Every structure is written in structure tokens, then in C-alpha cells.
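Each of the next two complexes has subunit A plus one more chain, namely subunit B in the first and subunit C in the second.
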Partner chain A sequence: MKTFAALLVKEEKAIFTTPIAYVVIAVFLLIMGYTFTLTLFMSHAASLVHVFFQIYVLFLLTVPIITMRLIAEERRLRTLEVLLTAPVSEVSVILSKYLASMSLIAVMLLLSGAYAITLAIFGQPDWGPIFSGYLGLLLHASALVAVGLLASCLVSNQIVAAVMSLSLFLLLWIIDKLGYLLPDPFNALVVNMSFLVHFRTFATGSLFLSDAGFFISVALLGLFLSIRALGQR
Partner chain B sequence: MIEKLIQVVLFVLALGFAVAGAFSADEDTANVFYFGAWCAALLLIFALAIRIPLYLRLPASGVWNAGIVLAAFGIILLANIALYRHDTHFDVTLSGRFTAPPELETVARNLKTDVHLTYFYNEQDDDARTAKEVLAAIAHKRSHFRFRALDLDKEVVVARDYGVQVYNTVVVEAEGHRAEVPNTVDLREVAFAIQRVLSHKNPVVCFFVGHGEPYETVDRTHWHLSHVETLQARDVPGGGDTIEAPPAGVQRLKLALERIGYVDRALPAPMVTAVPNDCAVVVDLGPRRAYTPEEMKVLENYLARGGRLLLMYDPDFPVSPELGALLRKIGLEVGDGVVIDPVNHYEAEEDKVAVPYYPPHPITQDLALTVFPGARPLRLAERIPGIAATVLASTSKDSYLRAINGARLGSSEGPVALVIAEQGQWPGEAGKPFRLVLMGNASIATNAFFPYVSNGDLVVATIRWLAEDTNGPRLKPLTYSLPELRLTHHEMQITFLVLVVFLPLAVALLGGVVWWRRR
Partner chain C sequence: MANVVAADSLVKWYGPRLAVKDVSFTIEEGEVVGLLGPNGSGKSTILRILTGYLPPSSGSARIAGFDAMEDSLAARASIGYLAEDAPIYSGMRVDEFLHFMARIKGLSGSRANASVAMARERLELDKVAHMAIGKLSRGYRQRVAIAQALLGDPPLLILDEPTNALDAYQVIAVRELIRSLAGQRTVLLASHVLTEIEKIASRVMILVDGMLLTTDAKGQSTNQHRFRLRIAGAPERIIAQLRKVPGVASVEPEQITEAPPVSADGETWRAYIVPVEAENPRRIAEDLAQAVIAGGFPLSELTLLQPDLEQVFLALTKRATPVS
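Our next item is the complex of A and B:
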């Protein structure tokens, strides 16, 4: 447990003592702030639904940047061998990197709470969909980070890892469109692989437990395969 | 040791949730417990799976690994199918379809006498079944709210006795009065129907016409109810209902008055010598031409015998010397030009004056922002003994006047009155006290601006105050428009600066500090 805590602190420092994290957060807030104010001024709607969908897409693009270096960087710097020969398990290494990446996501979501506060100041927003939207984004990000981490474990090159996870994310974003063309029962199977299908219910405040289960299971699958991929290296 | 403990805890949790689910009374609760069991079981499988050896000392080690990966995918697939088959839905929307609308809650809470509702619903209609459930839940909580739901297809005899032929018709009965709302799943309509039944009388609002008022064409211009598909409209019955009507018309105001049991009719100025007794309130909304001396006499006589008058004048209405003299008798003045407010205005349009604060008055209770597009200035020139006058809405102290042709009129005017309410004895008369509300704007009541934040509330509350209508709670009028959040120009500037400039800049600066220290 102590080694896991030490690894987690190391990973958190690696993220938050470099300017990259702040650049990512600042750009994220700039884009989202602009989107939010523009949507608010044009539509006059006291809702964050459009913002949630925008963040959903933004996560598909930024998570590969966050996760690409997690293992591939260690490999490039030849610190991975040192790490794996130390008395720490693969589970600790993967989980510490995973939690550190998730903390960056959590900070981004926390700062975006300024939009909900703005709505509360000027109007009476419906808090149910706002809370469920944030929960959906957190679950969505947890699945993305696990899959991105797996890509980083599988290849040595950071760019290849980023492109690999980005391609997979984009496929899982739009796969439901393909699913509707398939015959029964493959259509249901493919449609339910779509991140967007499962995320939409959270954003609108009409959520199903199976959607939460989908993201949890994808995250656990990604973590499990990452642990095995790292171990086999 | 800790790993073992975690595994035992997860096993106990999974088992406990599964047993609780099996013994749950209803399916939804059971499914929530099963979800807990599902999460614990999946975590337990994960905790056990990460201990599976990475390699086997066998030639078929590759097959072993492929098998593990396939098994992992298989377990996840089966777990999701199982969860999908025992799913539960949560409506977390504040004004969700399974929640009574605030209008109905307010009316039900304030009932002092029994009200009987009979809902002839369509069993095949999801929204109607939901409305039935919500009404039954209210009846469970409120003793004066008596409710029964009848399936129209099965209860044809009762339906015939009631004269109901349309699905989803609500019949409201109280104290010998009755109202019907045909074909509705929008429970706000039910709230207004209850209020209509309880008000017993139907106050008549007479709209003065003959000077180019928009009410002249209210029955001649085409308008219709429409429906817009939005995320909210999908969830809330009636949430996407809108009106397609000319922006300069007053159909929204007319419907809002009808919903609270008022009757409106035209009062053709050139044809009347006195305001009829059935007029509870007389409204002159947006005249374009000056009154004749005879019409002036009609209005003065009406006020002198305790009339209830609402005058709403846009800047292009010519105020004749006779009208000016009449208003001066009670201390009022109507100025010329358009009020410009550089501080409080809607979005970037300085001639759409926004009023966020009001003095205490029955009309201004619970009012939020009101927006006066192209208002003309009013002035409380003199306090007349026996008349209580209140400036209900005024501009900021930086406001000034502009002529209709665009030229600025003089320097800064300070706060300019936009709405003034008066109540008291007409000078020289000793009869019934009159009530008068003078508004320096008529556009506020037109279809285009009636839905803006509290504009509709202000106009309806004014008419209700003039009619001395204190029966029942004050409900926000249905404006048949999508819910919107309106900001003043200043609020927009602050929002943009904080969210688009300061917040990202603060994070970037923090990053810069971190980078500098690492150097």
C-alpha cells in the first residue's frame, strides 16, 4: 500500500509540476468557456446539455494526449525496466498512473463547474441533469483513460499510442450509426458499444444503470488488459 | 492480507446486494440492489483476475494469453447483457414528467375547499398514464384535492353522463361550478382550470380600441399553437408548446388571461359614451392615434366613478394636451422620446431597458427581470392628497432620452419612471376609489416580448391588481414559449470576462509559475 501511495504521489507530481497539464486545462477552459457563453447568449437556455456534449467530444481528443506518455514515455526514457525491477507490482504501476490521469480530468471538470455556478447566479437551472451530466463525464473519462492507458502499454511510440487510442475513441463514438444498418441481434450489440449512446442519457438527466455499468466495465477491462500488457513486457 | 480482505468484503457485498434484491418488494428497488451486486461482483472478478499468472511454463502460453483476453471480453459482454436485462431508469430532472408542475402544487397546497377532478384518460397513452399517477399522488397528499381516474374506453356510461367524448379530458368541479380541459397531459392546464372554477366570476377585461391598438386585430390575424421538439419538451408534457403568432399581436396576453378565468373583449372607443358596468378593467394597450375630446371625457368619467384603468403608451403615441391635462390632475406626466439605459439593458441593445429591482407593491411581488423595449419616460410630477402613487419600475441613474429620430435629448436624466400605479379618490369626487396604472411601454405585452423573463407576470399581475382579484395564488402565466434565461448587457460582459478570459488565464499563469519554479 505504501509503495502504491509513493507511486501515486510520483505520478501526480509528474503531471502537475509540468506546464503541459496547465496548458491542457487552460485550453480546455478557453474552448469550453467560449462555447458556454456563446450558447448561453444565443439560446438563453439555463442548461448545460450542450456543454456536456462538447466536453464529451473534447475528452475524446484530449485523453489520448494525456495517456500517450504514461507507459510509452517510461519506455523511451528507459525507466520502465527500473520501475518493473523495483519491488512494485504491475497493478500498482497501472493504478497509480490511471488515478493520476483521472485527477487531471477531475480538476478540469471541477473548474468547469463555474458554468453551473453561473447558471445558478442568473437563473434556476435544473440541477438533476447537471449532476448526472458530470457523473456521466467522469464515467466516460474513466473508460477513455483506461483504454488510452492500454494503448500506451501496447506500443513504444507515444504518437502511435495517441493515434491508436484516438482512432478507437472516434470509432466508438460513431459506431452506433453503423449498428443501425446491421441485422438483429448484431445491431443492438454494436449500437450498445457506442460511447455516445451511453453518455447521452446522463447529459439529459434521464439515466439508466446499464449506462453506468457500461463505462465501469470498459474501464475495468482496460485496466485489466493494461496490467497484463505491462507484465508481459 | 489487505488484498484478501478486499476480496472478502467484495464477496460479502455482492452476496448481500443480491439477497436484498431477491427480497425487494418492487422491481426497481430490486434492480438497484442487483446493480450494487453487479458492481461488487465485477470488482471481485477484477481483483481475482489480476492474480492470474502472466505466463505458463507450457508451449501453448500464447493460446493461454489469448484465452484470458477472450474470457475477459466475454465476461464483460455477459455482465452488460445481464445488467441490461435488469435495468432501472432514473428521472433526475427537477421538473420531470413524474413530478407535479409547480403551478399545480401551488394550487393544490392552497385549496380551502374540496375540488373534484375526474380524468378520462387513455390507457394506451404513456403521457396520460403519467399524468394520472401524478394527480393520484397529489390527491394522496392534499385532502381537498379529490381525484378519480377513469379509462374512457371502459367507462363510457360515466363519460356520456359528463358529456366527455375526447381522450384525456379533465373535469374540474367545485362549489357547483365546473370546468373542462379536453385532451391534455399538461398538468399546468389543470392548475389553471381549478383556479377558473374557484374564482366563481369571470372578470371582463375591456380593451379600448379605435386608435390602432394591436387588440383590434387579435381575432383577425392568424395564429396557432405549435410544438417544438427540445430536450425538455421530450420530458415535460407541454414543455415544447409554443405560439406561432405575429410579434406585434397580443395573443399571448389574451391566452394568459383566459387561463386564469378572465374574459376579454373590445371596447370600441368611438361608439361608447360610457364604460359599461361589466368591465372589471379597461386597458388601452398601444394606441397609435390621439383620443378625441369625447373619448377623453369617457375615460375621465370612468376614473372619477372609481374605474380601473391600465394605460400602456409607446413613444409614437401622440399625447394630446387634453390627455396631458387629465393626467396632471392626478400628478402624472408622460414625456416624449425613447429611454436609453447604458447600464441596465437587455443584451447589447440600450433601448431595451431592463429593470431588476422594484419597490414593494402587490403588483411587483415575486417579479424577476422585466424588459421594456423602446419605452417612453413617465414622471410622478406631484403628490396629490388622497392618491397613493408608486413608481413600480424605473431605469438606472445613467439613463437618458433619445428622440424617436435618433437624436439625443438633453443630458443625463437620472432614474426615469417606466410604470406608475395610483390608487385613491379622484380629485373632487367622494365615491369609489379609482385605480390606474400608467406604463411608458406597450410592446412589453405584445407576443414578441410577453415571454421575456417576468414581462408576462408584470402585465397579468397589473390587470389582477386593477380587478382586485385576490382569489387564489398568483401563478406565473403560461407564455407558450420555450424557457429562456435573459441577461443584461452588463451581466453578459461579466460572464464572458470571467469564464473566457480570467479562468483560463489564471490556470495558464499557474502553469507559468510552475514552469518558472522548475527552471
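Our next item is the complex of A and C:
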């Protein structure tokens, strides 16, 4: 446990002492502030549904930037050899990097909580969809980070890792459109692979265990494959 | 004594390239063993297999009784490892890095502090303890990397090119450090620098093209020997006389910078190096002595020179090179 704590502290420092984290947070807040203000003035409704969909898209674009360096950089600089020749398991290395990345996501979501507080001050928002939206975003991000981490485990070039995960995210974003064109039973299978299909219910205030299960399954599969990929040297 | 390292028939393929060919060796507790070989001969691959970083394609390795792959965490806990080119986190400060390494090696609190302080002192890192590793010279980075290998007093140190990038004083200091560990710790160090290995290691293994040519080059029995004789007389006549001895390949007068001493009867004393090829060097020694005396030359010295590593290395690598 002490070893894991040391790894986690190292990863947190690596994330929060580099400019990438602050650039990502700044861009995120700028775009979200714009979206929140615009939708609020246009709709005059105390709702964050549009904001949630905007964050959903921003996560697809920013998570590859957060995860690209996690393992790829260690592999390129050969510091992975220092880590994995110490008495440290692959599971600890992967989980510490995963949790550190999720903490950046958590910071971004916490900062976006300012919009919910603004709504609470000036109106009477329905808190159900807001809580479910945040839960959906957290689950969505947990799946994305795991897949991004897997891409970073597979290559030693950060840019290639980012492009790999971004391509996969974009495909899984719009894959439901393809699913509607396919015959039964492939249509249901492909539609259900879409991140958007499973996120939409959270954003609109409906909670389904199957949707949560989808994101959790993708996250667990990503982590499992990352651990296996790290073990294959 | 117990074997701290036992490599059994290690083979490593990188795609279609065979990097390590059926390598087996053991290292006993307290030994300082050198793995000598040219660049690209597979030294680092073998060290990475022993440290559990790379799996062998076949074969197995045991470290302090633990299988390097099956029981990797226990095996790694017994190792202090310096990787080739000293890869370390350049964004960290020296102290921060050493404390991080101490913690992931399972040390905490006062034990971690004491271990870091000891390593800092041994590698003379106090001056740069608060500096970012990325701003250090290559020599300091190497010393930081060696310091992290010492943390936690591991029973086995595996050092890949430990004196790389160090200046002459630092090389001597690191050499002394490794020598001082002999008997207390087991050390396996890899280098392509023959003189370095010769000075540090008590036993030398030679690796060429992934093949282990010998596990003890210093004690290697070859039929190549060299004698040193000190004889008074005309050099041409002495050389001709020595050449008559069966097994003598050549006779080389030793190079001297000052005028050679002269004997009471006016003859000049000179030393001669005589390389010979024979299974039994004692017999050749007798033949050489008899030949000198039969020629009527005064003889004051006849010494069998210790085989030097360079000779053994050349002999072994020549033998291993396929003749087309």
C-alpha cells in the first residue's frame, strides 16, 4: 500500500506540475463558460443538459491529451525500466496512473460545479438530472481514461497514442449512426457500442444500470488490457 | 556458498533476431562478476532478463532463490539495478527521486531517510541533492542512478555500464565503491571496457553475439602462455637459441627506455618475452632454461606471466568467429 501511495503521489505531481493539466483545464473552462452563458441566455432554463453534452464532447477531445504520455513517455525515456525492475507490480503502476488522471477529470468536473451553483443562486434547478449528469460524465471519463491508458501502453510515441485513442473515441461517439443502417441483430449490437447512446440517459436525468454497466465494463476492460500490455515487454 | 544468481539456458529472440543464445551461469554470494562483451553482444538483454524486466524466450533465471519471472516481485526486492544509460526522472529533484525510489523499494520513515543519506554520502551527492535531475551533468546523473541502486541494501547489485560518462576521478571512486562491496554483496556488472572489468571484477564472463564464451576468463586455461626471461649476451644469438625450443612461436626483446645493465664480463642483460603454445607450461620452462644454459648464456630470471584478459578475450573471440 505504501508503494502504491508513493506511485500515486509521483503521478499526481507529474500531472499537476506540467503545463498540460493547466492548459486542458483552462481550455475546458473557457469553452464551458461560453456554452453555459450562451445556453442560459437563450433558453432562460435552469438546466445543465447542454453543458453536459458539451463536456461529453470535450472529454472525447481532451482525455487523449491527458493519457497520451502516461506509459508512452516512460517507455520512450526508459524510466519504465526503473519502475518495473523495482519491486512494483504492473497493477500498481497502471492503477496509480489511472487514478491520477481521474483526479484531473474530477478537478475539471468540480470546477464546472460553479455553473450548478450559479443556477442554484439565480433559479431553482432540478437537482436530479444535474447529479445524474455528473455521474454519467464521471463514468464516461472513467471509460475514456482506461482506453487512453491502453493506447499509451501499446506505443512509445505519445502523438501516436493520442491519435489512436482519439480515433477510437470519435468512432465510438458516432457509431450508433452506423448501427441504424445495419440489419437486425447487428444494429442493436453496434448502437449499444456508442458512448453517446449510454450517456444520453444520464444527461437527461434517467439512470439505467445497463448504461452504468457499459461504462464500467469498458473501464475495467481497458485497465485489464493495459496491465496485460504492460506485462508484454 | 549459495548461488545468488542462477541463469539456466537463457534464450532471447527479438523478432527474427537471436539476441541471447543458450546462456547459463551462476554467481555465488559475495562475488563481483563482470560480464564483458562488445556493444550489442546481448549484455543488457541478459541483465534485463535477470531483473524481470524482459521475459526470456526460453530458459529460466533465479535470483536469491526466486524465479525472476514467476516470483518476480520477490526476486526484484533482492536487486539493486542500474540500467544502461542511467534512465531517471529528469523532472524530479535528486532527493525527491531517491526518496521515491526508497519508498517503492518498501522503505519508509527513518529507514528510508537513513538509506537515502547513506547513498547520497557514498556517491557524494549532497551538493546537488536539491537540484532537478534534468539540470545535472551526465556524470552526476550516473551517480544518482547508482545511488538509487544502493537503496535498501539489496543483496545483489546489477550494474549496466556503471562507469559510463564518469570522469577519471569518478571512475576510480565508483571502482573503489564496487570493490568495497565485495564479500558483503554480490555484484554483477556489465561493460564493454575490458580494462574496467579487469580492475573491478574477481571473475569475468565473456559474451559475444549472445553467446557466453567463458564464465571465468581470468581462470581460463588456454595453451597460450608467455614467459619472461632475463639473459645476458648478444640478442641475436639468444633469440636464435630460444627459437630452437619446440613450442616457441616468437621471441620479443622487452622494450626498455634506458641503457641496459652490463654484466661483470661485459655482456648486456636484457629481458625477453617468449609466447609459447603448449599444454604444459612447466615443461616448456625447463626446456627454455636448458636451452639458455646450453647456449652458455647467464640466466637471472624465468617467469611464467599471468594470462592477461586481453589475450584471453582475443583468443576466445577469435575462436568464436566463424571462418569463411
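In the analysis below, the second predicted complex is superposed on the first by the 233 of 233 C-alpha atoms of A that agree within 3 Å, B and C clash if a C-alpha of one lies under 4 Å from a C-alpha of the other, contacts with A are read in each partner's own complex, and residues count from 1 in each chain.
We adopt the following convention: a residue touches a chain if its C-beta (ideal position, glycine included) is under 8 Å from a C-beta of that chain, and two chains touch if they have at least 3 such contacts.
Please read these numbers as outputs of a predicted model, since none were measured by experiment.
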Simultaneous placement of subunit C and subunit B on subunit A, clash or fit: fit
Just subunit B (first), just subunit C (second), both, or neither: which does A:Pro87 touch? second
Which partner reaches more residues of subunit A (counting touched residues only), subunit B or subunit C: B
Scan A:Val160 for contacts with subunit B and subunit C and give back first, second, both or neither. neither
Determine, under the contact definition given at the top, whether A:Leu58 touches first (subunit B), second (subunit C), both, or neither. neither
Tell me which partner A:Gly123 touches in the superposition: subunit B (first), subunit C (second), both or neither. first
Touched partner set for A:Met1, first subunit B, second subunit C, both or neither: first
Considering only touches as defined above, state whether A:Thr17 meets subunit B (first), subunit C (second), both or neither. both
In the overlay, answer first, second, both or neither for which of subunit B and subunit C A:Arg78 touches. second
The superposition places the nearest Cα atoms of subunit B and subunit C at a distance, in Å, of 7
Contact residues common to both interfaces of subunit A (with subunit B and with subunit C): 17-18
What residues on subunit B touch subunit A, complex-wise? 2, 31-32, 35, 38-39, 42-43, 46, 49-50, 54-55, 65, 68-69, 72-73, 76, 79-80, 83-84, 87-96, 231-232, 235, 347, 482-487, 491-492, 495-496, 498-500, 503-505, 507-508, 510-512, 514-515, 518
Under the stated contact criterion, what part of subunit C meets subunit A in this complex? 48, 51-55, 73-74, 76-77, 79, 81, 83, 85, 87-91, 100-101, 103-106, 108, 148
What residues of subunit A sit close enough to touch subunit B in their complex? 1, 16-19, 21-23, 25-27, 29-30, 33-34, 36-37, 40-41, 43-47, 49, 91, 111, 114-115, 118-119, 122-123, 126-129, 131-132, 192, 204-210, 212-214, 216-218, 220-221, 223-225, 227-228, 231-232
Complex contact set, residues of subunit A against subunit C: 2-3, 5-7, 10, 14, 17-18, 77-79, 81-89, 233
